[in-house]
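Going in written order, the chains are labelled A, B, C and D, and every chain counts its residues from 1.
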Amino acid sequence: MTLMGKTLTPEQLQALVERLDREARQAGEWGQVASYIPELACVDPRQFAISVCTVDGQEFHAGDAGKAFSIQSVSKVFTLALALGRHGDGLWQRVGREPSGRAFNSIVQLEVEDGIPRNPFINAGAIVTTDAVLGCNAPRDTLGEILRFLREASGDEDIHINEQVARSEHATGDRNFSLAYFLRSCGNLTNDCDRVLGTYFHHCAIEMSTAQLARATRFLCGGFEGQRMIGLERVRAINALMMTCGHYDGSGDFAYRVGFPGKSGVGGGIMAVVPNVASIAVWSPGLDRYGNSLKGTAALEGLSKATGWSVFA
Amino acid sequence: MTLMGKTLTPEQLQALVERLDREARQAGEWGQVASYIPELACVDPRQFAISVCTVDGQEFHAGDAGKAFSIQSVSKVFTLALALGRHGDGLWQRVGREPSGRAFNSIVQLEVEDGIPRNPFINAGAIVTTDAVLGCNAPRDTLGEILRFLREASGDEDIHINEQVARSEHATGDRNFSLAYFLRSCGNLTNDCDRVLGTYFHHCAIEMSTAQLARATRFLCGGFEGQRMIGLERVRAINALMMTCGHYDGSGDFAYRVGFPGKSGVGGGIMAVVPNVASIAVWSPGLDRYGNSLKGTAALEGLSKATGWSVFA
Amino acid sequence: MTLMGKTLTPEQLQALVERLDREARQAGEWGQVASYIPELACVDPRQFAISVCTVDGQEFHAGDAGKAFSIQSVSKVFTLALALGRHGDGLWQRVGREPSGRAFNSIVQLEVEDGIPRNPFINAGAIVTTDAVLGCNAPRDTLGEILRFLREASGDEDIHINEQVARSEHATGDRNFSLAYFLRSCGNLTNDCDRVLGTYFHHCAIEMSTAQLARATRFLCGGFEGQRMIGLERVRAINALMMTCGHYDGSGDFAYRVGFPGKSGVGGGIMAVVPNVASIAVWSPGLDRYGNSLKGTAALEGLSKATGWSVFA
Amino acid sequence: MTLMGKTLTPEQLQALVERLDREARQAGEWGQVASYIPELACVDPRQFAISVCTVDGQEFHAGDAGKAFSIQSVSKVFTLALALGRHGDGLWQRVGREPSGRAFNSIVQLEVEDGIPRNPFINAGAIVTTDAVLGCNAPRDTLGEILRFLREASGDEDIHINEQVARSEHATGDRNFSLAYFLRSCGNLTNDCDRVLGTYFHHCAIEMSTAQLARATRFLCGGFEGQRMIGLERVRAINALMMTCGHYDGSGDFAYRVGFPGKSGVGGGIMAVVPNVASIAVWSPGLDRYGNSLKGTAALEGLSKATGWSVFA
């Protein structure tokens, strides 16, 4: 299925991303950066980047588009793609596909629903997905696989894990350990908690620029013939999950304001997909109260308004 | 934005809806009809209908497409459209835009979130929306307005309220009264509970055929130039809400399986929108465990697979 | 079973209640009076009363012990006694005997536990108890029965319902209507909501002084031979329920600090029982955050400390 | 305060415990033994023991009163006594005193109330209490202190930890690890999780007979002059907590049926206190649905009925 908005010339699109960058830097408050680890707490909130890759192979960048940031939960989309590749629909025995109606790190739902996380994008669900990708492999090999996927998707070998971030995540990861032990007590974790969370903290500590992330997101566009890394049915599945669950308890609001699927990370990055049209990455470290990038979301809303890109008409 | 799947000839589309009708009647179980009022409990579950209206003005019907059924919660979409028309974004002061993660008639969330329903499609949210449409008007006038909207949208004057159903809803409506009084105790109801629920029960008791409902849904397609009843921005807003919240706690699953927005009713009807392409109505009275039509959902999934209609690629 | 603390002379006990009255009037803040109806909101918080009736027939009063106040939820103990008298242990099919862990008017638990209130002292439980006492009788007759019970227990005909308070309760009773309709939707209400709540609001609007209330509470002491209105087993049952559930989500704290059973009302009254020793009533309209009398609870704690009256050693 | 039921001769009391033992072995079902570790799962459910120590120094035993069993959560009472001894009321900054309204191992409440467990007898609360007793000491020293307390209280040196049980608890302790990590993520654990849970699992693995446990419980009777290990005020405090919180979500029912404070363990033991009268231990490994000994509770109810021992009149 092809989806097209207004016809925009390359010049118009480049001017648009530059305008969005300018507006982001002018408008009011930047939001609060994540403060639970020093590496994120020390990031200057007054940064912004946007990158757009259209299905016909053009790219448009503005702001700090070459600067690497911690992708954090954005990585959950890639591990989900790998987990689906390995287990297919069997994965849905272990994790649901419904919005949670709760915060990203809530444990309440796990108790009520016997250890089946509501979706793969809340922390508990991503821990299960990581366990599913791990299987019997060594964490090192699994992380290698994730990195290879990202490098191939973005066509860029220069994508790495920040070991210092991974260590800090581990040192402050009590809540995630609580989730992992709960999952294990329900029989929904095959590896031990240390092994799963070690892998989880590392793939959350991958660093990318918006330029790299927008390119890496092309595999979800559906329109890049010849370069499909996963089948169309799976592309649709992942986009549907990002639409309904990609922004935690702010997913409905994101769908309403932006109108196409996306996944945010606590590092301030958001990857987004306009199916058959473009892949997008934005970054601004300041967060709103749900833990989603404040300026990043606003920029995506502005982009949607200006281009007419929306899956909803 | 235009969205197009595979190119299908009218003959192919007609053959497709006929195949879906045939398959629905052949495949296994029909689900359970709603049993809380006699008028729904007595409906024969072994019925099915499908109607598709494409943006270029063609129509395709199969099964019991001319038979009227109780649209129930499907009516919430139309009252939402009217409430947004009257109050604009001010409506979002009184009701949220997030999936609830709970059953359609749950009161738990209301207590936790101080009387602000999570979205306009769970019962509590629709009661608030009905109150917003009512304002200071008489229920009779408001119901007239809703009917006029539906008749104009469908181009069909023969759409009516089943008074007997409305009376039965009222007689068994204790749970809805509980929700309404709770909302009122939180200051989120301007009319008294009887007045609001009287109106609510009546608009839920509207009867339509899938042919009428598919036509009435065209106003959400975005592509019917010259006949737009509401602005494009509002079309997108309502479609986004249907996508994330239209099937209660089965919304994520519907998005995953079907791939375009829809709203179900406990009478077994579903209205659905393929933006810029088609409006659809299906009906089969047997429900799944979330209260959504079992065969209706399956048929929409089959339609999506066969046509490639999906907003997600 | 007999229970005796320190041996105190009548003079010492009288001096003690006078000291408690004095200290109540000296110490810091009085708490907030209930504000949801004008009749309670207008009460001067700077009032205090205490009355003690020992099993040997002596009485000790201090402060405003002759001044009538709205007993509110304290009345739930008397309707429970009547409901148990009528239905015996069959009552426990409809209401539990466990602390709720939630606020007095929470509806969350009702949904989770299918309309069975956790205990007879939270609002939902008292509404069920009222329905059980009502049975097929007229509300007027039932209220007459409750008043007769109170008048007989206290040996005082001058106990009445404040009709104005009952009307105000009704006018602001949306939350209680929400609870009642919820119970009815679960099949746990045999009368219609208006009838039950009409009765409920009226028995909550009974007015008594601490002198009257302390006397009326003697039937729970267990040691008043010859005047037992209910059997010993039932006395123990009601006292056990007051101990574990009598102060809503502050019941554990009350047991810890005071050490004998009691039941509070939002009018600022508390009835309390030292089994085999004394019945007690205190009143001070200012409330703590759980809706229990601030000064009243403190005075009972002081009384317990000074006398050694505690069921826990 | 002295509390006395019917006057029973020693012969009558001995005959009573023997009757209770006989009835326990005759009556219907024994309940299910805990199955989460092999050491408990292999216990023959068809066992029963009862021991009563009166404040005047007499003892009455029946059944398997000399057979050691795993005291499990009964140990929480002794660690609470030690924690209060060390921290006094400061402990209540870290743990509440209210019934939880939930299962012993629920994590829901922790999230809702920011990591403050509702009381010291649910698992999360006991983990905090263990952490408070540990302080900066070595687990070995702390366990020595707990054992010394128990040996002194019971006057019996032959009380030990079953290391094999402790190891099995550790191996299957994922849910407790989940609770501990959650507490730690909220800043309510000063030691690391392994250290606290290592200590916790060990004190839960203490083994005692009902004869030993009834003697060890005398310190909570309040009437053993000269042998008081803790002050009267603390005795009352602990008894109050056992009354409102000692049987998890069956505490209200226990208070209603038995009428004096007690604390159960998943090994089938219950310690109970009739203040100023007697300390009691019962044991029968089969559990009811709340995890409390089925026959043990029934025997305590029978004892209460036969003796009139009740704090409630």
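Keep this in mind: contacts are C-beta pairs under 8 Å (C-beta built on N, C-alpha and C of every residue); 3 or more make two chains touch, one makes a residue touch a chain.
For reference, the UniProt names are A, B, C, D = Glutaminase.
What you see is a predicted model; the values in this text were computed from it and never measured.
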Chain pair with more C-beta contacts, A-D versus A-B: A-B
Rounded Å distance, chain B (Glutaminase) centre to chain D (Glutaminase) centre (Cα mean): 55
Between chain D (Glutaminase) and chain A (Glutaminase), distance of the C-alpha-averaged centres to the nearest whole Å: 48
Between chain B (Glutaminase) and chain A (Glutaminase), distance of the C-alpha-averaged centres to the nearest whole Å: 31
Sequence positions of chain C (Glutaminase) contacting 2 or more other chains: none
Touch-based graph of the chains, sorted into line, ring, star, complete or other: ring
Residue ranges of chain A (Glutaminase) in contact with chain D (Glutaminase) within the complex: 106-108, 110-112, 174-175, 177-182, 184-185, 193
Interfacial residue positions of chain A (Glutaminase) with respect to chain B (Glutaminase) in the complex: 1-6, 96-102, 109, 118-119, 220-223, 232, 235-237, 239-241, 243-245, 249-253, 255-256, 259, 261, 275-276, 308-313
